[in-house]
Amino acid sequence: MIDNIIQNNGFNIALSGIIVVFAGLILIAVTIHLFNKIFERLHRQPETAVSPTDNPQSVSAKKVLQLADDELVAIATAIEIYRKIHFETLQTQITFKRGEQQPVWKSGQKYGQRLNINKRT
Amino acid sequence: MIDNIIQNNGFNIALSGIIVVFAGLILIAVTIHLFNKIFERLHRQPETAVSPTDNPQSVSAKKVLQLADDELVAIATAIEIYRKIHFETLQTQITFKRGEQQPVWKSGQKYGQRLNINKRT
Amino acid sequence: MIDNIIQNNGFNIALSGIIVVFAGLILIAVTIHLFNKIFERLHRQPETAVSPTDNPQSVSAKKVLQLADDELVAIATAIEIYRKIHFETLQTQITFKRGEQQPVWKSGQKYGQRLNINKRT
Amino acid sequence: MDMILQIIETTGFANLQWGNVIMIVVGCVAIYLAIVKKYEPLLLLPIGFGVIVGNIPYISGLPLGVYDTVANGAPQNSVFSLIYYGVTSGIFPPLIFLGIGAMTDFSSLISNPKSVLLGAAAQVGIFVTYLGALMLGFTNLEAASIGIIGGADGPTSIFLSSQLAPHLLGPIAIAAYSYMALVPLIQPPIMKLLISEKERRIRMKPARRVSSREKILFPIIVVIVAALIAPGSLPLVGMLMLGNLLKESGVTDRLSKTAGNSLLNICTILLSFAVGASTQASRYVDGINVGFLTPKALGIFFLGLFSFSIATFGGLVFAKFMNLFLKEKINPLIGAAGVSAVPDSARVVQHFARQYDKDNYLLFHAMAPNVAGVIGSAIAAGVFIAIFR
Amino acid sequence: MDMILQIIETTGFANLQWGNVIMIVVGCVAIYLAIVKKYEPLLLLPIGFGVIVGNIPYISGLPLGVYDTVANGAPQNSVFSLIYYGVTSGIFPPLIFLGIGAMTDFSSLISNPKSVLLGAAAQVGIFVTYLGALMLGFTNLEAASIGIIGGADGPTSIFLSSQLAPHLLGPIAIAAYSYMALVPLIQPPIMKLLISEKERRIRMKPARRVSSREKILFPIIVVIVAALIAPGSLPLVGMLMLGNLLKESGVTDRLSKTAGNSLLNICTILLSFAVGASTQASRYVDGINVGFLTPKALGIFFLGLFSFSIATFGGLVFAKFMNLFLKEKINPLIGAAGVSAVPDSARVVQHFARQYDKDNYLLFHAMAPNVAGVIGSAIAAGVFIAIFR
Amino acid sequence: MDMILQIIETTGFANLQWGNVIMIVVGCVAIYLAIVKKYEPLLLLPIGFGVIVGNIPYISGLPLGVYDTVANGAPQNSVFSLIYYGVTSGIFPPLIFLGIGAMTDFSSLISNPKSVLLGAAAQVGIFVTYLGALMLGFTNLEAASIGIIGGADGPTSIFLSSQLAPHLLGPIAIAAYSYMALVPLIQPPIMKLLISEKERRIRMKPARRVSSREKILFPIIVVIVAALIAPGSLPLVGMLMLGNLLKESGVTDRLSKTAGNSLLNICTILLSFAVGASTQASRYVDGINVGFLTPKALGIFFLGLFSFSIATFGGLVFAKFMNLFLKEKINPLIGAAGVSAVPDSARVVQHFARQYDKDNYLLFHAMAPNVAGVIGSAIAAGVFIAIFR
């Protein structure tokens, strides 16, 4: 039983293995920690804008506040979908373009593949 | 002409072939039939809940009955989409989870990737 | 330097190459031009119906003109999505069908997988 | 100037033969039918385009065609040969069946198990055509592959040919898909011939609702039974039923969606294109022309039409035969749907029946023999594989 | 009549053995668990179906099973062997990791780097099991592949087995996925044993918000560090982090969506099905039974359970040990999430903790050791590859 | 302790060379440009990540890199080598073209056939660079592969290199994609040099509406003509036009969607990653360093910049030349779009023109030479294949 472990150098391998796993993960943790520190010093005020997806959400949430629940969901979802589709459209339209993900909302008229809902001529 | 069939043992092969096809399909039919019988006896009252996709549809259809047609479509579609997206989200979010497909509708706030439309703080 | 070009017959290859590229593209241009001419003569009045995607857009744009912006977007998007989904549905439902892409809008009740929003029984 | 001449020699113009021109026209016709007549566009369009691409001539030595592999003496496996490998290795058809399974609803069949008999009867077309092919001098392996055209399932035909007679894959596949597209023209005359006006008007009562438990059990039962009877049908039936189980289980939606969408579409594009591109007008192997424009290929096309007719005939006659014993008569027209060609032949049945009774909706009833026919011809393929491998 | 007899000889009925029946029942049980109990349906369902398909018997010579390749003496590479090649070549697991990376949020880990230690500690299960497997007489390569089951990451287990011990791939993969599905049954008793009631109630303060810059840097740092430490982990960690970078960069949405959807789903279906189909009850290579129903496979299942337990044990004990030094105590339960089995073990932690304090939400905190465990076992796999290749 | 030392020997740290560090930094820079500057992120991001992965050192014998195949003496084909096979076999570029075709609108070109001449003129960059490469001492095959960088189409460059000079595939692909990303910096100075202020202000009248019949005929005509002239362009032009036909036919939406989405994205991820991973700083074949950080690779980068400049030059000068004969003048700036780099160079034209006349929208007009340039360089690749294979 134990013989097979010893013959195969098992204890050494197992010990070294777990050491390497710990070493690797600790090194990752330390590196992340260091990077965080460095960036914190460089930019004293880090992004207050937080993650870019949050803002439009809260905005649209506020906008639709006085509507009924069903409509709320309908409109909010529609907007969400709208953004998804047109984000995709932006990138998909032709070959490889630089995926400029500006807020397409309210700048709808530029792109060919959509409804010209604001065109009140 | 016929010689080639006889040399190749064609009639036998063709006959056996069609017999096996019939045998296979009949066996399938019989097995299905038997299973149905067995289950019928085990559970006297089978699922009255019918297929799960029908119910929410009729419900949402009723809900929006007094609205105009356009809005109807908008809201109903939005709900349909909403469910599709969030069903998917549920399963997609992380790796392999147990795909619990509970009705996510009305329990929206739990999941990170959506609009917090009901948050009226 | 130049030796390597001459040894490799470089000038000939380069010249012939650019000639073939021009020949190919010119031939394409000419063929397209000829086809256009031929068709123009055959059918004096070419399609006035223009591209099929434009029409429904302008129609739906008009319809929703008097609504608020948010609802506008919601409804318009919903309709767009609706069409996308049900176009897809049409083709996807069973195996390989002939992809008849008639305007499914307003003929919604026929297909199984959708909300029966117009059923006011 | 020499260089220009040398380049001109490599152009298609210099190597163009009449056969190529004919095939390019054939490709254009296929595309026309696909777009204007809407005959199976998902298949005929890429096939037609493939026929055009496969008949652009090029100087031998360039690795461009589907047959230009290192094994065949090319300096390199051509790109198209790599795609074609998905066909000849037989992997595309089962993957396509996976996707089809993920989109097919077997409720109709489950609610009416009797109708599998119709799906079985139509397979008589396969075996009669097999005999016919033998009569025309084809070998056993070739005859089996040609016979399966009568199964009216493209992937099944391609799969069996890839296993038994890869050299005939092109014409067999094209014949199968062409006649599937032409089902609305082939079947009605036979219906008119065999089914009386009174029979055409028979209405069938609505099928019972099928529980989701039954739908889940169905693919498992089918794969076990079919594969025990004919193990050779495993790749096709197994994948078809895996796809269906993914769909019906309700817990693997994301898998069934991808199987029925991306995966199915990718395989469909590549398979149809490659099959099209394999139809070079003439192609010489050891000095023998094994191209598409040869009497053999014409014979295959003739036998293909024959097999579709016999299959329809078989289904219809067996339906009438069944009615002799049934208390509650079925409309014998649905027997024609047993040839598969899902879902075209089922639609043809519905359309035909409604000419005589506008309110007779047979589509759902016809779907039962329709999908049973898919399983039936997969079993037939399994039988041939078992005998001839 | 002879022909019928000959065909009957080729049917599955004629060749069916008890082992096959047992395995078909096992497959059905897996499907049952997947659908009714919702245990990892995305994996167990296709695996279970694969087990059924893989245990349909057929006469030898027919190229139908996953092992029927030209190299193994079959007349042709079977379709299933081509799919299985995606497993044995080791390409499916990294592609699956690509998709998983494109769907995983590492915020929790980034906001709390300490918790990687818990992900490391749980890997002790791997190495203890490796020793255990050696004790039971497995070779070094086999023992390493068995040990990695304790990593509780299906793709990692399959990848390592495909590189070191392909002949054990079936049982190892099945064991890995089965115990991942059973994590909710395996872990709670060990939690009860080791963690005091007071500890179970420890609340952790909400994590800080992670900037998108950090999220973008994270995959780059991880791949460089992990691969420098253990280059053998490159295929797994590299692809995982590529997927994550595609997601977090915000400029390649269309790529990350496809990676996390179509590509992931296609690879999942094919891998799980092929792994299932590789579990033939008995299979003889050079006269030795290397099938699934052998003592070796049973040993693997025993060792697999053992490794999951040790891993949970390791994570919990190390969490308690860390608390000795931390000013702000962590809830030691989250140590159990270090085994990975993403995200099941993290959920088990949350569920368990809420039994004692209904308002204690540990899920987010448990995700940190959870995903660290994925990286940890990939590094462990890399170490084994470095030593044994 | 010995074991630890042995493991340390296998780590990347022990084998790291300066070249690797430089390349890892290069990879990070590419990722930075992709994310922050948004330069072709769909390509540069996975390429950059691939460069990092490809330059993690590992002890030889481990099958980890893209070049570690059984044919090259590795014990096993590495996972990355399997992915890289999609590049070296030349199959990814045509599949990518299939997807691009399914997303490209050729209306602009159809409505203004004259502008194909501009797409042809810009290909002069290819042939001049070919001569330049010969002058620098490259062989004919290498020179052709380097010249094609001037075609400014990544897939075309990769396809030709894979057929003619696979050992240079890495630097050629990276150069092609890098300069495509830098088109907004390369072209404007040349425009300023050659085009007078007055010319820059020329407005072009709106193009006529193109019927869907024309759009359907276009891909069929192009594939037949282009392939007859240069059969070697079949894999690229054929697939591009198949994709476009799927899109324009209107009856195969589900196929064109998948081709332009899942399939395109999967191939893009795998191709870009594998190309990136093929750039190992130094790599010895028969004692010769054929790595990325060699004078040869630097020469390729220099020639790549040269070819983009010549191509722009060619397009602009030819546009001015055409204006000598045209009654209705074109804005010569659109000649610059003939280099392809779809759609970047067309945008550069629009952006540049609007600096002088805010209401001059040239984008649509510039798309015509832009997409003609794609076809043009595919034909050029076909010519090289015909001559050199």
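By letter and in written order, the chains are A, B, C, D, E and F; residue numbering begins at 1 in each of them.
Methods note: contacts are C-beta pairs under 8 Å (C-beta built on N, C-alpha and C of every residue); 3 or more make two chains touch, one makes a residue touch a chain.
Quick caveat: nothing in here was measured; it's all calculated off a predicted structure.
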>> By the touch criterion stated at the start, how many steps lie between chain A and chain D on the shortest route?
In response: 2
> Which chain has its C-alpha centroid at the greatest distance from the C-alpha centroid of chain E?
Replying inline: C
> Distance from the CA centroid of chain A to that of chain E, rounded to the nearest Å?
Replying inline: 26
>> Counting only Cα atoms for the centres, state how far chain C is from chain D in Å.
In response: 29
> Using mean CA coordinates as chain centres, what's the chain D-chain F distance in Å?
Replying inline: 39
> When you check chain A against every other chain, which residues touch at least two of them?
Replying inline: 13, 15-16, 20, 64, 71, 74-75, 78-79, 81, 91-92, 99
> Which residue numbers or ranges of chain D touch two or more of the other chains?
Replying inline: 6-7, 38, 41-42, 229-230, 250-252, 254, 261-262, 383, 387
>> Which stretch or stretches of chain D touch chain E in the complex?
In response: 89-91, 94, 98, 163, 216, 220, 223-224, 227-232, 234-235, 238, 241-242, 245-246, 249-252, 254-255, 257-259, 261-263, 383, 385-387, 389
> In the complex of these two chains, what residues of chain E are touching chain A?
Replying inline: 110, 113-114, 116-117, 119-120, 123-124, 126-128, 130-131, 134-135, 137, 139-140, 143, 209, 211-214, 217-218, 221-222, 225-226, 229-230, 250-254, 372, 375-376, 379-380, 383-384, 387
> Can you list the chain D residues touching chain F in their complex?
Replying inline: 6-7, 10-13, 16, 24, 28, 31, 34-35, 38, 41-42, 45-46, 49, 52-53, 56-59, 61-64, 75-80, 82-83, 261-262, 265-266, 268-269, 273
>> Taking the touch rule as given, give the residues of chain A at its contact with chain E in the complex, in rising order.
In response: 1-2, 4-5, 8, 10-11, 13-18, 20-33, 35-36, 39, 46-47, 50-52, 87-88, 91-92, 99, 101
>> So in the complex, the part of chain B that touches chain E is made up of which residues?
In response: 9, 12-13, 15-16, 19-20, 91-100
